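One chain, chain A, appears in both complexes that follow, with chain B as partner in the first and chain C in the second.
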Partner chain A sequence: MPLSRSVVLLILAGMAGSTACAQAIFAPRASALGAYAALVQDVRGFTANPAGLTGMKDWDLYTTTYTTTGPGGGGFVFSGFGIGKRFFDNHALALQYSPGTTLDVVQRASFRIAGLSLATNRQISYIEPLAAAYAVRVTDRLAFGVQGRMQTEKITDPQYAIQQVTDSLNAIVPLQQQYSRDTWFGDIAVSWKPAENVSLSALGRGLVRSTSRGIPSKFDTLALTYTRAFELAAGWSPAPPVLLSLQASTAKRGALGAEWNPVADLSVRCGFYADGGLPPFIDAVGFGLGYRYLFFEADASYVRFTNQSVRGGTVASASFDPSLIKDLGMNPFTGNRASVSLRAMLGNIREAPVRIEGVEMLGSVYPSAFQAMAYRPVGRVRVRNTSRRPVSARASIYVDRLMDRPSQSQPVSVQPGESVDIPLTAVFNDRVKDVPAVTIREATVTVSSASEDAYDEHAQARVLIHGRNDWDGTPEGLRYFVTPDDPDVIRSARAIMLAGKDSLARVPAELGQLRRAKLLCDAFTGGLVYVKDPRHLTEFVQYSPETLRSRTGDCTDLTVCFSSLLNSIGISTAFVDVVPPRMPEKAHMYLLFDTGVSPAYGDHVSSNPKRYIMRKSRSGRETIWIPLETTAITHGFDRAWTDGAQEYFDSVELGLGLASGWVRIVDVY
Partner chain B sequence: MKKLPVIFACLLFACQFGCQKPSPLTVEPPADAPAGALEVTVVSNPDTNIAVSPVDSSGLLPGDQTQYSGLFLVNTVKYDNGHGLLSVAYASAYFGDRKRPFVVNGKTLGYWGVDIMPMTTLPLKVGGIVMTRVPFKIHVGTRDTTFGYMYRAVFASLQPKSSFDWDDQQPDPIMSPTAFHDTVQTPEDLRVLAPAGGSVLSRTKALQLRWVGGGPIRIVISTYNVLTGKTRPVLQLKPDVNTGSAVIDPSLLALLPLARNYVFTFVIANRSDRLLGQQQQDRTLVQAATVYNTYVQFQ
Partner chain C sequence: MTKALVVAAFLVAARAWAGDIVVQAIQGDVSVRHGVTEVWTKVAVGDVLRPDDTMKTGRKGSAVIAVPASQAGSAAARRVVLPSEVIVDMSDVRDLSQEELMLKLTMEKVRSSSYQWKSDELQIPSADVVHGADRSSTQVLTMSDPSTGVLQINGARVLYNNGFFATCALKGMEVFRLYPPLAKEFRNRLLVAEALEKAHLRGEALNEYSAIARLDGITPDQQTLVHNRMETLRK
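Let's look at the complex of A and B:
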């Protein structure tokens, strides 16, 4: 929903009802801002929005004191303290004891008892001594909270009786009556962050009520009115150092607040209170300061009311109407108030300046290429610096059992309020090669400021891990199936070489590689069968030992196998990947191997120069390479060479496949 | 253990700066009934064997009457029962001889009324009007017994704020060695607006009293026996300042006995106190008063 529409809804809600509300004037930050509900993130003033308690880090302690300025003011009053605890990550509990949230009323009597010092004034005390709340975070952006608030009303009513002292002498004796009753209110709140810099909250106040008996009905006119109210609030940070807030209630009360951080750890606040029920419309203005040092935070505020007529501590009986008291901290009889508070954050309270905005996996993991994942990003995490200082952020990813430890990225500098993408590279262990088929694993992605060991935030991401024989279809990916150092491959290749050592001895040294390749290929003449891949979601490629054992395979399997064999005896190979345009079903792959023969001696290799290719070898020297159609090896080396040379001539020389890009040559090693 | 300093700091903060209680909101009573402006006295009923004049006619509480040997009264008394206003103006003079008590069955019922005007050629006058000597009667059982004398004069009306001279030109050689002269000024006229005579009132609601008439005023609330016509004062209310109104708190009304009929006696009196005889007990009260009785019922 657009922000503008939300604001309109808030204003409309504020105009709609006519019931009670409560302002969280208990906390100086709350009283300075006025509109505080959407900004609750700790135990301070949590009764404005208990759902905000999920913003606590661990333990949260809080105490506050205040003094009333002007006529009727006194010394500092212990307002109360609050304690909160976040547990199991997503749950929070808080308790507030606030004996200072009270309004004592003395109704002065119009008479006095002659000759006696009896108290004739009636005293009424309205107290909100307790509040307790529980909050749960449903998602990263949505939290719910419930709270119970206790309100106590005490009436001390002086009564008298005539006592006959003697037969002729009467006296008045006091029969002071004290009445008391408690009322518990149940509130429900929800907090929602539609965006990182926007927070919304809604609170149903007094939805449930339980009142004990104890005050006779003759004092009904002194009772506070209990009605339900609905409050909406919004907070918006247009830029990191500025925070704006808005609040409205069906009780026709609202507020606007602003907080500005001119420097880190220092906050300047102001707020305007609006009352749609009683004039003036803007009935109070709040100012405040906040300063944070390590895990302490001190707040101070001053609230001044625009109408001072009945705030001097004395009011005429005609002007005193308890139904006007919607809140003990802020009502028509409250004097200007200065508050000071101290907050301490205990336990696991490390700042988490870096937040995860999103995790994106860039593809799936092929076990055959797991080594490449150490250098090639498997995904990226978008992090945001929510602090007021530049931070150096790093990210890590960990997949249980398939990684020995989390793989960390290099630190990335992030400016305040800035979001950056950090690539995630993963170092898998060998167990990943044992994954038989496609599987999905949970990866834990964490971000932290580089200077800290503990992480700031973590997120889960799903990683698709293919089976050990799955191939991503690229010739680059096929290289990872080539295993020249596999013992079975080495053994097979060396055995063939050993069997043909006599014939090798007769070959000139410059043609040795060609001869060894021919010997290797001819050893499989008649011993290999071309078999298509099993039906599979992805390309299926056998590792060389598997092909050697089964003696079957398709073009990729055979290409991989002979590439492994040739490389195991020191002959460089390259894949020729052919994907004919508009005919992807005829894609094919065959092999090139390096003869090590200089082009000057091309005649020694073949009298037909179209049967070989000149290209640079691994050493940078230009040598003669021979194409091999590996599926034809079963018919012998010469046939495989002939077929390979023909295919190369057709696709590259005639079809200009290399120039057009539908033929690619990828070096294996 | 590392957290202990933090907790101590918080507690220290709270204790150091939070030792005061919030100032209460004081709700002042209405302007016509300022706080503490009404002095309430429970009326003691002294030895009621002694004959005294009822407060609704004399404007004097029984206790006040027994303090004095002599009473020289000039009163305008009004009675408002809701069916009409009856007004009576009179003067009376009585001086009791404390050495001659009237005792019946060991109880003192009164004192001999001294004839303070034995010679008809030098009569007792008030405002220049000769007072009539009448027998002083004491009620014994069902009959009245004459025990001395007293003096009375009846007027059609008394002008408010006018002076009345008591003039005893032939003093009693025993009681007073010198002639008795005194001057008293009648107070302002008194008219009670609330409660009106015949009103039915609630004990649980504040009762508004309103009147017209300046001067030091007292309001005496008495039970009233409609059969015998006798009153028994219960409370006396005395505003510090006569503003013409007062409010009686329900907690005070709760003090009243559970009788139905009451009379509110508003008294504005000018009084002087002088020693007429030789003994301290021979004190004499000279009073000019306006008394307004309004008869009401309590639910």
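Let's look at the complex of A and C:
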């Protein structure tokens, strides 16, 4: 078996000697950091923590080479390659072929016969050529992985036989005895992200082992010792450009690493290796650089050991103890090493810098106010920028059948590592007004960086859609039931005006609105029957045409309908919402309408100023508004006015409700 | 007779103590308007008034009312004399704290501007100009008779004289909106400004004095008085 040119370790023992070659730590990023297990996110060095493979995007290819520096060093040697694939979103497979992960030992020996010196160098090769892993992401923060690692031990034991060639001639014939056995190890790993900037991992190594036969027991002293080991690792990013990692193993090995991104796409790394078994405690230091360009990433590392005594390529035979080799990539015979690697991400590897951390629906959708949903958020999505550069993120929401297309939010700038809430506004189509009763629909929420058409991540959320007549109990919500431009409303109001045209002609123009309102009220309430909500739900509100057709309704229905009628003839209205302190069950609402009369002419409206309110209309002009208690509207205009005025005076003037906030006036139109 | 008066006085005092506004004495034309009604009715000694009632005295009328401590907002029951030609709302016969007065003044603004729609709520646009004003009617509307406003300003002065500065200021402002001609009279405006000053609302008082200084027809003496007051307030 040819020896690797890059590492030469001679093991001398008197007249005899041994040569050993320890192979590379496979991934330069891993070797530079030392503590890498908690940071595995792709196929690079996945044997440190196979659960981390779920961090891959799609296809991941990777190859590396190394050179050993110092005595016995040489040129670059192919170390191996890895390939990984993520599938079905939450699953990942990876395979690693690493012929360079070998440790070759040559025990030098010779004997002399008939004046000839014959070499009997025994060669032992320890190889870890294959590893395969599967990982599954259980939740966004938890993943499991299993892997199998294959180790091969080969012993070449040269022997000589004396063969009789002729009766007088014997020949010494070399016989190569080769022995080999394979061992498969099974490892289990788990990764957990308790927070966005913290990652933890645990790995059980060698939990399962299967060894073939093939090496005689006389070589047992050359066999590697196998012990189960458990490794714990943690990664923490105190700030987006900095990453710290820590790792410890029951095999008495540990490491500490740090990674820093001074600029986007460039990484500077260092790590310290500790060995609790053999001195010195800090037995190696790693340095490294990483650079990423689009979908390619190059890494370089250099690992230097603090104790060089047995790493020069030659050691005394007595110093070579296979039981000291716990890791083919990192053992007392490993030389200082420089590694270079290249990684390529293929397939569906578009950058997805924006991740959904959570979706929250802020309430339910009331079909009556569905237009308002285009402006008022129905929910919000918390997104996180997982990349290293600022991104402009946007979110969209889509409810099948009730929306024509997804409604997109305005782009929001998100700094690296930052989480922001993006409000979700929804433009529903007219079908939402046909929803007869409360229903739950599935909404698809997607987020993406603003420059991309494809989304980065999507999530499902449940949206409660109320029935078309349901009301959220707020005066703002009731406003949307007022439909002054409805043809039925306009027709009804104008019919009443036409019937009262003679009496209207006799009043001054300034008092026209007051007179028209009274006329409308008296005509509207004639023959009206007060009926409670048909479903005994307080939040059930009829649209004005429904009330006009049925001539029935409760106080809310009458308020809405009368407001629609007044608005349809150009009279502004407002709702007075009264929620007495500590008595929300006594909440009440009544109506104000604008007479259009200036306060200076107040005596023409009433001799008692307590019967009206002076307030500015939207035009900024102060006019007299009249309160109407809609529960009394069936008793006629005057009674409704008196009751409304009394209620307003008690709650607003005496109780200071408006100033204290428990009385609100909400303009309708 | 004397015995009957003593008993009546005792009953009146007892009611006042119990929390009702009670008419203790009247002379001449004195009437009351209950709540939001529009009708004035004669009042008699011993009548109990509610906070939403309004009292009016005629040209030769006067009255004395006993206001319970709970209504007046003071430590003890108050006795208020209403001279002739005043209109006083019973709800104004009370001491408002400075906080309550501020709330009331805020309320004027709240009531004027209504609910402010949030920027993320739907703004239903409406036309800025509406064509089609009704010009068919030939009847001309006259402004409200300021004599009623004068009675109310007189009532505000009664409030001031009895130490109810906050309600005096508020009433004065209301009267000015209902009867704009009264807002042009120096004496009326000074009453409101002084009431605001007494109610410890320096900023509002300064604004009012400043507005008075800009009134048409103000005499040099009045101008000097106003400026002196403003200087005092600014110190």
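In the analysis below, the second predicted complex is superposed on the first by the 459 of 669 C-alpha atoms of A that agree within 3 Å, B and C clash if a C-alpha of one lies under 4 Å from a C-alpha of the other, contacts with A are read in each partner's own complex, and residues count from 1 in each chain.
One rule holds in what follows: a contact is a pair of C-beta atoms (placed from the backbone, for glycine too) under 8 Å apart; a residue touches a chain by one contact, two chains touch by 3 or more.
If you're wondering where the values come from, they're calculated on a predicted model, not measured in any experiment.
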| item | value |
| --- | --- |
| Which of chain B and chain C A:Thr227 touches, first, second, both or neither | neither |
| Touched partner set for A:Leu103, first chain B, second chain C, both or neither | first |
| Chain B versus chain C as contact partner of A:Asn170, first or second or both or neither | first |
| Touching partner for A:Ser364 - first (chain B), second (chain C), both, neither | neither |
| Which superposed partner A:Thr152 touches (first chain B, second chain C, both, neither) | neither |
| Touching residues on chain C, where the partner in the complex is chain A | 33, 35-38, 51-52, 54, 89, 91, 100, 103-104, 106-107, 110-115, 117-118, 120-124, 126, 130, 133-137, 139-145, 148, 174, 177-180 |
| Residue ranges of chain A in contact with chain C within the complex | 369, 371-372, 374-377, 423, 425, 475-476, 505, 507-512, 570, 574, 599-604, 606-611, 613-616, 618, 622, 642, 645-646, 649-650, 652-654, 656, 658-660, 664-667, 669 |
| Chain B residues touching chain A - in the complex, by the definition given at the top | 3, 6-7, 9-10, 13-15, 17-31, 33-48, 204, 234, 237-238, 246-249, 251-252, 254-255 |
| Chain A - residues contacting chain B, complex | 61, 63, 65, 67-68, 72-79, 81, 100, 102-115, 120, 123, 157-162, 167-172, 218, 295-296, 313-318, 320, 333, 335, 340, 342, 344, 346 |
